[in-house]
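Chains here go by letter, A, B, C, D and E, matching the order in which they are written, and residues are numbered from 1 within each.
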Amino acid sequence: ADSVKIGFVSTFSGPTAVIGNDMRNSFELALDHLGRKIDGKPVEVIYEDDQQKPDVGKQKTEKLVQSDKVDFIVGYIWSNVLLASLKTAVDSKTFLISANAGPSQLAGELCSPYVFSTSWQNDQTPAAMGLYMNQKGVKSVFLIGPNYAAGKDMLAGVKSTFKGEVVGEEYTVWPSQLDFSAELTKARNSKAESIFVFYPGAAGVQFLNQYAQAGIKVQIPLYTAFTVDELSLPLQKDNAIGIPGAQEWVNDLPNAENKKFVEDYRKKYPGLRPTYYGAQAYDAAQLINSAVVAVKGDLTKKDAMKAEMEKANFKSLRGPFKYGNNHIPIQNFYLQDVVKDADGQLSLKTVATIVKDDQDKFHDKCSMK
Amino acid sequence: MYLVVEQLLNGLQFGLLLFLLAAGLTLVFGIMDFVNLAHGSLYMMGAYFAATFVAWTGSFVLGALLALGATLLLGIVLEYVALRHLYGRDHLDQVLATFGLILFFNDAVRLIWGPAGLALPLPAWLTVPVQIIPGVYYPAYRLMIIVVALAVAAMLYLVVMRTRVGMLIRAGASNREMIGALGINIKLLFTLVFGLGAALAGLAGLMQAPILTVQIGMGENILILAFVIIVIGGIGSIRGAFMAAVFVGIIDTMGRAFLPDLLRKVLSGAAASTAAPALSSMLIYLLMAIILVLRPEGLFPAAKR
Amino acid sequence: MVDPLLRVDNLVRRFGGITATDNLSMEVLPGELHAIIGPNGAGKTTLISQLTGQVMPNSGTIRFAGRDVTSLPSYKRSRLGLARSFQITSLLKDFSAIDNVALAAQAHDGHSFRFWGNARKERHLRATARAALERVGLGQRADIVVSQLSHGAQRELELAVALATKPQLLLLDEPMAGLGVTESARMVALLKELRKEVTIVLVEHDMEAVFALADRITVLVYGRVIACDVPDAIRKDEEVKRAYLGDQHAVTRHG
Amino acid sequence: MMPKLNASNAVAALLCVALVLLPVYSAVTGNIFILTLFTRIAIYALAAASLNLIMGYGGMMSFGHAAYLGIGGYAVGILAAEGIGSGFIQWPVALAVSALFALLIGALSLRTRGVYFIMITLAFAQMAYYVASALSRYGGDDGLTVYKRSDFAGLINLSDRNQFYYLCLACLFGGLYLIWRIVNSRFGLVVQGVRSNEQRMQAIGFHANRYRLVCFVISGTICGLAGALLANNTDFVSPAVMYWTRSGDLMVMVILGGMGSLFGPVVGATVYLLLEELLSQFTEYSGLILGPVLLLIVLFARGGIMGLLGRMSRG
Amino acid sequence: MADTKMADTKSAEPLLEVDAIETCYGLSQVLFGLSLKIKAGEMVALMGRNGMGKTTTIRSIMGLTPARSGAIRFAGEAVRGLPSYKIAKLGIGLVPEGRQIFPNLTVRENLVAASGNRLGASDPWTIDKIHALFPRLAERTSNMGVTLSGGEQQMLAIGRALMTNPKLLILDEATEGLAPLIRDEIWSCLSMLKGRGQSVLVIDKNVGNLTRIADRHYIIERGRTVWGGTSEQLIAEPELQHKYLGI
């Protein structure tokens, strides 16, 4: 082949298109940084919209594999879309790089030589938050999360590391619950010292609104995972100030690649700020680049490419990391907080490193050794 | 005990929040007999207009008023251009047409405002929690929602059930031809009523935006809830919709608040912690199914009022 | 004395505050044409509806052909041989006239859980239906969709549908309403024919027809029977005149 | 009945021929994806046709039809996960469970009419959705991967693209033929009569709800078959396939194609899914086009696309 | 009512003039050049067998099924092509075939919804007057329309049309389903209205009563007016009745 073909499956329609757009923006930026060539070959990217539906995602993946005959497939925000699409990619021996979704199956029994992640396994981020709460000496927590797979993973993640008492655990209807006052009331009455929540996207905005309006913000501190990010922050505004979260990437991580990424991103997409979704997509492009360069552009050498990717031999925006046997990063997690930056805008800032070289706990279940 | 009272209040308040959206829908669907799935889109437009106008004028009240006017206008235009041709038609034609409108509005909003959603911050005077009984705080804004919802309910009831215009709307819904033969310009009347329904949707959108979000697709899940309420209450009955909204609000809230603990008492820990969330997710639908099995025309069938 | 075909005892039906059927008892003998008359809102339609099962009584019993049918649903009563026409036309509007009638015939031709054969090609159903249509004078319009038939034709079709169920007892709720003079006359002639074959209960405000046809007449007022007798006696009954017939000329000079 | 030659029949016939010949085209041009796409279309067409049976002919507006897609799919998926790979077991179970579910919710739902019926079927489907989401043993919300497609003892290989496509097509045509026979049968006439005027049908001696219920069960069973096919096609089942928006999609396909017309749902499914796919190729704002298209079809094509074609050929 | 005034105005010109209208339902034509005239204060009857186009004539006048060609003038205005509400506003009150009362409104609301006195009649109809006319309705005043008996619905339909205080009252099947007593009352009510200068167009099968109180009659046969004339003429020509009405 005289070009490198990459399929990119993400959500580009509906309310969550904002995530897909960010991933695409960052991926495009990565290609710009690579000169839009990989090992001298032009790169061709085909973006496909999964509409956040598993069977549509699967169909798009099939299209990319069968019709476009791509060399790599990147993307996947949602666990269920990824799981539906996985078999197509693996059966056709096409490399698939998850730039966000991290269901435990992917780290465990469904791991595959052809599948890599530039994100994390679902449990890792909340587990890091649990560790941080230990460090802070928090004695008790009330957990609230949406009643779906990732929601349960997140709460389980906190529980796996948090040493204090879990005084309550509430699951809310997903995706349709609008009002959290029942849960907030329970949390306040539980006399817990802290609340932990996981609410991605719009639900996070909604939760913080209600948390602040109910006056609980001044009573019980909140800890979060994936609830406050650069996408939700402009909507959460002051409600998010002082609310800590854990993340493997923050925009102010002190490495040269990251600085360039953040700067160029803001230049290329005025008014927007990069997110961890984007950073993961950016890393995926770099990962692909490293593999193709290693085989000198011979895309048929799949084993060699796999071996190269396993080394994670590229400059990740989050700083260097290693791959576990299951192709999930072994990486640091940072504590982030919301602050007002120089021009008075709210932004996320790294406060501390919670945990170094954290590996997910499903890697033993993976048959690859 | 406090806890129960407070949760009851939460439920009541959530019910009224739902009623705000259901109100416009009762008018358009319950009384004009037009299945308008795009009601959720008008709700969304109300919220987007409000967020835009509030940011623009810097005043919550002014922005809200402008947004109301804008949704009213949008509703009228929509009705005039397309929907008025669908009144006498099969409900399913209306479903398909207004489903098309949902698709259109979602993408139009994404094109105009971007996919990220907007913030609609509250003015400071509405953000303070108010102590309503000793030890129980309530967000001031939610109290305002209660007041607005009650006012809307009263207004709707009076207009529809007590005025000649209300009679004409109901009559026109059942037999358009005949109402025309009585010399009433039913087209114009329906356009105005549809506009009012749209404005009510917009009102719900802008009132709920500071609590919920301003997002693409924000109207869809809540629209289903609004339909549930109208159906439980009995289509066409304003009193029914109001009671059902409160009922659903309270059952839903109380269910989420107390069901898990109750289940834990009867079931083993593990079984309870999987069953409880599943059950409370289903609660509203379970409730609707049971009510409809027992009372196939809802709690307050309209004909008997 | 023959056993009555239909026997109603102490029937009561209330709607909210009003009692539409008030402790009503009556008998219909086999082979007779029994007319029911009474002012508007007297409860005639409500009575018919209770007899055929669209409305359930609050109390009282209905016996048909020696069987207690009080709590049977309407479809079961139809199978026993009770058929009715509706005062306010009730037909399958998007079906052709003949389909309407054929379905009625089908209902009484074994069960309809037959999923395969084409029912519109079943000869005997079609033949029965056509015969019923011919009888009411709609033979020419068999294939017209009901919604395109004129009001009068729809009234005639009502009767054809009832006939096709081959009833033992035919309950007709104002079959002449909406018929023109010609058609009314034809209907009277038809009923004269029919009464030889089947017992008929006729609700009608067309007094000429009623007095021409009825063997006996029951008069309802406010849900109660105020008189039940042969036509001549009813014609002379002062109470009936006061409550229903009005001036004598309304009866004699009518039409 | 000799089918008359008119625009709508011509389109139906053309569509059938095209569907049958598609694998040839795909083999000649090497465009495999089109086959994948049309396999999915055929499956949804079958589901839509089953919905049309109750909605178009029976007047029962089910807003929960996607539940059967999920139930048929989960029957296959769960059996596969438990190590029972034989299609001879999986598929009958899928059909039986769908039928049972239809029987249960039909018996309860048929107490209601009209919009109430729409909403109660929605409620039951949503409950099915939440139950599936709670099945953590079978992936819960994340869904369940079907590692091996149903095994038919070598009779047919579902993993072969062409064979699977023809299987789906055979199911579709089989389903349509069945529906066609049913709607013209005694049973079918009764069901349509009940749609038109229930009181009248009761009065002439039909137990309306019994016929409705049987019709509802037949429809659910056919849709369960579509569910089993879908699970095999996607190699995956998840609760998402039962969410109310999916039931809405099915309704849209039926109305778009033409309710109460035999081929309407096939045309509807084809047009809807193709439009979705094609529009997404060149714009991210497909709703700006698809939405108004749907609106225009309702405004100007009563009775959906088939209705429009029918009127065109009548002059 | 404003009897004298109403009778005077434009007595030269007919109140309603239908000239050679043709009307179709879809593709099937029902009226073929039908014409008729009603003068102010006159009571005119339309006769004809079932399905000959009487109802269609009325629907065309009201604009419910607009005529394709021909002319319709009412109160000096050309009304063909106008929407039905505008025609009704000019002063036509309709008692339609099949009654068409509003099932989801109470009896009282049915009357209130229709009430209006656009033309400023000096002695307009009120609910009380309707109740006096039909005491049965007074008893049912808060019942939903759907629960009324057939005859009660007919009374309500007439009451509703009167509540609009029309210049021209049109009754399609005026006495269908009414008990003889009430039927007599309707006829005497109609002659009373006529006595007060009300113009009426009436369809009914009761030729005897029609010839007694109507001024003129039209016979419709297959969508055409085949005969028009006074009651005396009609009575004088029994073969007409025999030929067209089957009497």
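We adopt the following convention: a contact is a pair of C-beta atoms (placed from the backbone, for glycine too) under 8 Å apart; a residue touches a chain by one contact, two chains touch by 3 or more.
Keep in mind that what you see is a predicted model, and the values were worked out from it rather than measured.
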{"item": "Neighbouring chains shared between subunit A and subunit E, ordered by label", "value": "B"}
{"item": "Chains touching both subunit A and subunit C", "value": "D"}
{"item": "Target subunit B, source subunit A, minimum contact steps", "value": "1"}
{"item": "Pair sharing more residue contacts (C-beta pairs) when A-D is set against B-D", "value": "B-D"}
{"item": "Far-end chain from subunit C, centres as C-alpha averages", "value": "A"}
{"item": "From subunit E, the most remote chain by mean C-alpha position", "value": "A"}
{"item": "Centroid distance [mean C-alpha coordinates] between subunit D and subunit B, Å", "value": "31"}
{"item": "Chain centre separation in whole Å, for subunit E relative to subunit B (CA means)", "value": "44"}
{"item": "Inter-centroid spacing, subunit E versus subunit C (mean Cα positions, whole Å)", "value": "30"}
{"item": "Multi-partner residues of subunit D (at least 2 other chains)", "value": "133, 136, 285-287"}
{"item": "Of all residues in subunit B, the ones touching two or more other chains", "value": "106-107, 110, 224, 277-278, 281"}
{"item": "Per-residue overlap in subunit C, given as positions that touch at least 2 other chains", "value": "none"}
{"item": "Touching chain combinations (by label order)", "value": "A-B, A-D, B-D, B-E, C-D, C-E"}
{"item": "List of subunit C residues in touch with subunit D within their complex", "value": "52-54, 73-76, 78-79, 83-84, 86, 90-95, 99, 103-104, 106-108, 112-120, 122, 161-162, 164-165"}
{"item": "Contact set on subunit B toward subunit E in their complex", "value": "164, 167-168, 170-171, 173-175, 177-187, 236, 302-304"}
{"item": "Subunit D partner contacts - residues on subunit B that touch it in the complex", "value": "35, 82, 85-86, 89, 91-97, 99-108, 110-111, 220, 224, 227-228, 231, 235, 274-275, 277-278, 281-282, 285-286, 288-289, 292-293, 296-298"}
{"item": "For the subunit B and subunit A complex, residues of the former touching the latter", "value": "2-3, 6-7, 10-11, 13-14, 17, 106-107, 110, 114-119, 121-122, 127, 129, 137, 139, 141-142, 208, 210-218, 221-222, 224-225, 253-254, 256-257, 260, 273, 276-278, 280-281"}
{"item": "Residue ranges of subunit A in contact with subunit D within the complex", "value": "12-13, 17, 48-49, 53-55, 58-59, 62-63, 66-67, 79-80, 83-84, 86-88, 103, 105, 110, 147-150, 152, 174"}
